[in-house]
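Which chain is which? They are A, B, C, D and E, in the order written, and residues in each are numbered from 1.
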Amino acid sequence: MLVVDGLVKRFGGFTAVNNVSFKVDQGEILGLIGPNGSGKSTIFNMLSGTFPPSAGSIRFAGTEIAGLPPHRIINSGIGRTFQIPRPFRRLSIFENVALAGYYGQGSHSRSKADEAAERALAMVGLPTDRTASVDGLGAAGLKKLELAKAIATGPKLLLADESLGGLDEAEMDQAAEMLRKIRTELGITIIWVEHIMGVLMRVVDRVMVLDHGEKISEGLPSAVSHDPRVIEVYLGTDAHATQATAAAAAAAGSDPARR
Amino acid sequence: QEKKIKIGVIYDLTGPLAGGGSELQYVGAKIMIDNFIKQGGVEGYKIEAIYADAQSKPDVAINEAVRLIEQEKVNLVLGFFSSAQCVPVAARVEQLKNFMWITTCISTAVVENKNLKYVFRPQASGQQFGLMAADMIEKNAKAKFGKEPKDMRVAIIHEDGSYGVDVAKGNEAGSKKAGFNIVLKEGYSATAPDLSSLVTKLKRARPDVIFHTGYNPDITLFARQAREQGLKFGALVGHGAGYGVYEKLKEGMGSDVNYVFNIDPISIWLANQSALDPKLPPVIKMVGEEFDKVKPGVAIRSAHVGMAASNSYVFFTEVLPRAIKKYGGVDPEALRKAALEVDLPEGGTMLGFGVKFAGEGSPIAGQNERSFPVIIQYVDDKSYVVWPKSQQQREPVLPLPKTSGFSNQ
Amino acid sequence: MLELRSIDAGYGRFQALFGIDLDVKAGEAVGVIGPNGAGKTTLMRVISGLIRPTKGSISMQGTDVLTTPAHRIVSLGIAHVPENRRLFPRLSVEDNLRMGAFMPEARARYRERMDFVFDLFPRMKERRNQLAGTMSGGEQQMCAIGRALMSDPKLLLLDEPSAGLAPVVVQQVFELVKRIRAGGLTVLIVEQNVQQVLQVVDRAYLLEAGSIRASGASADLLADDSIRQAYLGV
Amino acid sequence: MMEIFDIYLLEALVNGILLGGVLALLALGLNLIFGVIDVTWICYAELVMIGMYGMYYLFSVYGLPYWVAAPICILLVAALGAALHFLVIEPLLGAPPINQLLATGGVLFVLQSFATVAFGIDFRNLGIRLPVLALGEMHFSYARLLAFVAALIGMVAVYLFMTRTYTGTAIRAIAQDRQIMALMGVDTKKIYLVTSALGGGLAGLAACLLVLQYDVHPFVGLSFGPITFLICVLGGLGNFVGGFVAAFLFAEIISLGGLFSDLEWGYVLAFAFFIVMMFIRPAGLLAKRS
Amino acid sequence: MNKQLAWGVGLAALVALPFVYRDPYHLHILVLILIWSFAYTSWSMMGRFGLVSLGHGGFMGVGAYVTALLWNHLGVSPWIGIPAAMLCAGVLALIVAYPCFRFRITGHYFALVTLALSGIVLQIIIATRDYTGGSLGYTPERTKGSHIVALQFDDKVVWYLIALGIWAGGLAIWYWIDRSMSRYAMEAISEDEDAAAAAGVNVTAEKLRITVLSAVMTAMAGALYGQYQMFISPDTVSGIAVSLQMVFAAVVGGIYVALGPTVGAIITILLAEVLRIGFGTKAVGWDNLVYGVLLVLFIIFLPKGILGSLLAWLKSPSKHRDG
């Protein structure tokens, strides 16, 4: 459903993303990993229209979306979360999500927006009353809110940037579970950026690895976690690699939802 | 019940116009009003004055006028320095059928084609100022400059407010009539931080005479930059406002102020007293003494003070008594009828001119048809009336003698 | 080295910490773990003087921290790497590091410290002129730790230093914590990554809802079943 | 048409540069306050006005020599800047920026009316008349040359101070994250004090030089206030070199615009230029493009 | 329900007022307060969302001058002239605001671009004095007596009712926006444009809509002011001073609550009048000094504005701890 070809982003003289091409299939969860500063968030920013690519094409559901303004892209069915949560503090939790429901779907209907908000909030497990304030949310709550906002825009493709950062282990499991549910229940395709391998590898179908803005590896989690380059630049040599491999293996063996 | 006339007096005591001359006008009017209060009023009517500060803002002037008329129930409003205030206030006064006695605002636009019934201005108009300036140069061109009028190069520069624009119109009309070669005509904002390109243009245009209308900071800024950039010319003719306040002019221009011309209603202290109505000289003396009490140590008493004092005096001696005696009161209608009947010959006011208002039907209804300004020249810290001939105290010094820094000789 | 006695603290009318007692001895590495919103960050802020407790006492090497003005607390040898990095986004990396050495005591050794930080994070040397705000999350975290180290502290407070970092870097950070300790620095570290942090620290406190629920040597905590279940997801 | 390219054009060009010096001098302190620590002093030009009155009183009334009066005046305005900070800005540091803008707008009002009440409405002037530099047909004012040189030296000094010293770096940092400055061992109050005093001092410096060229009256600030703000933004907030260049551009537009057309259209042109530049280079003239 | 009743009663009382109390000067002040309240409310439409415009003096000037110029030169009735003027202001707002929003010019930058705009409008009015009367000001030509086509009435009561209606209309628009999704969008935009865009909001379009609405309403206020005062001048309806005056009054009253700008208008206008009359010419300049000091104090101690702070105080559970 998403075909990216030769994507490039330069900041001044610095190339943050260099000629990256990939595909995402309907209904899959693609893990996007790579060292800090390798260009993951930058790719998200281009996919969601936050800024235009310097070169390359992005085709989503058959139409070219590279360089479109963000609201058009969101309306066409791409939703995103931010790495560092960016809630609207002057709006209530419900209003935050209803806003996304109203504008994100391009339908501009009040009742549909409220409906979407209620569904999204229930999905992530946040209160659905209209007045609860954002200020009461902790780190985990804010991450959930980010997700709820993204879901409420009614995306076909969800870009999730580090949904687990700052969560404790139990919460991470919950979040991972949630992503899976979003995929299965709402049929939303997901690209997921994450540094916590133990969780990521368990959930994703496929992994793509970036380094210095270039794609260095792509494939099944079990394969990627054995890739020596990936281990060198990203996983490190010890526990993580093993943990990742273990997670990938465990998932492959136990999860019936996987083909 | 006690008989009383309530007068609302409005000038700018704060804001940029205050220092431009409005405050001096206020002093002059107040001296005269206090004088009549001290005398116990006029024809059995006690006088009560309510003063207001228009803060150099037209909307404040409107509000104050409305308040004085509707709230304080004054019988008339008197004063006003800026034409930008006179125009709307006059319209309001007409609408409210009150009475307005303008001592200053000189813009022709205040009365022209307005068909004002209740508004009177004993003062000369801005265009008269401009015409007078051109007249003096025309008559002296051959003798002093050795040129035909058509060879005279004149430049007209002015602040772009109501005042400067109006006077400049007069300058232009007069120059055209005289056949001068107008080499430059340009307006600028009185708050402009820089006039150097204007000076450069003047240098390029090489005028014999510069007609300048400005307030104060811009006049000194112009003079300073003209000197610094080496502008030379044969005469500088100013038109009141800032040019009327010699003290400040001297402070800003230093010795360059020598031989500068200024057009204003004559300073009452310069008026040829022998040609005035004999009851006026003692009044002039009184105003001078009172003024010295308010502002001690001033070298040349400002013409502004006398202007407001004289114009107020006309109201108290000509309009008010007639209204009370002949028309039975101080209501606007009585005041209006009385004002229309004022008929003073030349020499009938401290400013030398007479008073006769244009009546209904005239395109300048409410304007004193007998008023005229005079041209004075500052020479060695003194001022002399040099134009028109009838008032002349000495011949104008034209063109600038070599001793002046601006001299193009 | 650092002693907290019955500290109460909060934000306005909201109380976040209740009677906290905590000790850190010189040369030790101590961890603080606990669920979101437990008050871990608040605890760190209290120690570095960003917020003042409503009750209790804190002393650093015998000096009363609470009577020291906030900006002098760094001079006592306490450096705080705040949650979410909090860099100066429109200053260059180098200027950010300079700010870390603002105290007169630290300025003298500026070059030396700078080299130390650049050795630790070669990426920072590469990006020294980039504006901090335009760097990736991980780069920013490095810069924040580097900035704290510039003041040559005795006690380093780390608030979730591994958040958002790539696994290699997380390992590096924990390596670094070990190295810093080896260099004689005392470390107090708040982490969500319980598994790993317990491998680096000697002791840890478990904070829940503003109170200390448990404390002990890392090995003991790792062995504790209830803790394993609640925080290790095992 | 050719006749326009004469010696007078050159003179206007140079005069534009000299006016640029005056504007650059004014923009210097404002750039520090507004551009760097992100605090709005709408009343900046009014501080200059008070400084000019200070010079008038010290020089003309108390008879101090100019070179003695000037430093005193600078200190005076510096103190005023610090006071402005502690009385008005400090309580508003946490409030929305618009409140700061308005509070200092109120101070503008207060200073104008204070000057009216305290110094009267008269126009004052030192009466110092500096010599003139004449090069053939062209004449230039020493007062402006002086301002130009002061602006240049001031710009370089402030630039070095901001980039080379710890205090300078802290000043640049403080607007970005005030709360954690304490973690760096920075006393934020002191930094604000230093910056405000410095900004005030620069306003004082401008006052000392402007008073040689302009009459002082309570409303003299109106001539300079808005234009100074525009220059800071045009140059890029906090960018001292940019501010310097912007001042000259603005001055040239006013000067040449005034030469080629009416003086009053010169300003329309300058304002329009500002708006257009904002669209072309929103981050300032010298900003690197992304 | 109760609230609506209170509103109804309040409005009825306001409508009835001039028939009971007819002191002309006080009515004059009331009309001014209503017209300015409407202008300040218009400004706050965008000001409350962090779009600080210093260009509204320009829009007001366009509203007043276009209406008057059309009437005097072409004889176009203000009934057509006012909509035309509003259109002009809207187009002007569009021309300036579109690139601003497109190029992400926000905060200080936006404020100063708009400041330049009001400077330009002012200068143009002055420079084209042959048509606009320049700084002398401009007077719509009078017709005799009350003339509906000319929108000129001698009776202050008529003006009072017109101003009241417009003012109430302004509030209605405020409430309409307040309850629409646009408010959510604008709140979101004012906090974080990228995040708002990621929620699907067309940031540029939303900002433009509110800006144009605000400009158009302000132009209407300018036109009404001109029709009522029968005099406009660059100083009273245009330029930077007028822009600042709007921002001042609105913020002093409170820009986040509907009646805040109205309270701001009441306070600033009354305060200025009372102080000026109180000090009179006995202590020249003191009224402005006191006025300025009071404004500064209001802003420092009531950062949410007078009404905003009052409401917050009434709502806060412990009434004695106001922040």
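Throughout what follows, a contact is a pair of C-beta atoms (placed from the backbone, for glycine too) under 8 Å apart; a residue touches a chain by one contact, two chains touch by 3 or more.
Chain labels with UniProt names: A, C = ABC transporter ATP-binding protein; D, E = Branched-chain amino acid ABC transporter permease.
Bear in mind the structure is a predicted one, so any value in this text is a computation, not a measurement.
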Output for shared partners of chain B and chain C reads D
Work out which chains are contact partners of both chain B and chain D.
E
Look at all chain centres (mean of CA atoms) and spot the one farthest from the centre of chain A.
B
Higher number of C-beta pairs in contact (C-D or D-E) found for D-E
Here the gap between chain A and chain D, centre to centre from mean Cα coordinates and rounded to Å, is 49
Provide the C-alpha centroid distance between chain D and chain E, rounded to the nearest whole angstrom.
31
Between chain A and chain E, what's the gap in Å when you average each chain's C-alpha atoms?
45
Rounded to the nearest Å, the gap between Cα centres of chain B and chain E is 37
Give me the residues of chain A that touch two or more other chains.
11
Residue numbers in chain E touching two or more further chains are 126-127, 284-285, 288
Residue list for chain D, restricted to those that touch at least two other chains:
113, 116, 262, 264, 267
Along chain A, where are the residues that touch chain C in the complex?
11, 33-38, 41, 83-84, 138-141, 162, 165-173, 195, 197, 233-236, 238, 240, 244
Residues of chain C that touch chain A when the two form their complex
35-37, 84, 123, 134-139, 141, 160, 163-171, 192, 194-195, 230-233
Chain B - residues contacting chain D, complex:
13-16, 18-19, 23, 160, 186-189, 191-198, 200-201, 203-204, 216-217, 220-221, 224-225, 227-230, 248, 251-252, 254
Which positions of chain A touch chain E when the two form their complex?
48-50, 69-72, 74-75, 79-80, 82, 86-91, 95-96, 98-100, 102-106, 108, 110, 113, 149-150, 153
Where on chain E is chain B touching in the complex?
23-26, 28-29, 32, 126-127, 129, 133-137, 139, 142, 154, 229-231, 233, 235-236, 273, 276-277, 280-281, 284-285, 288
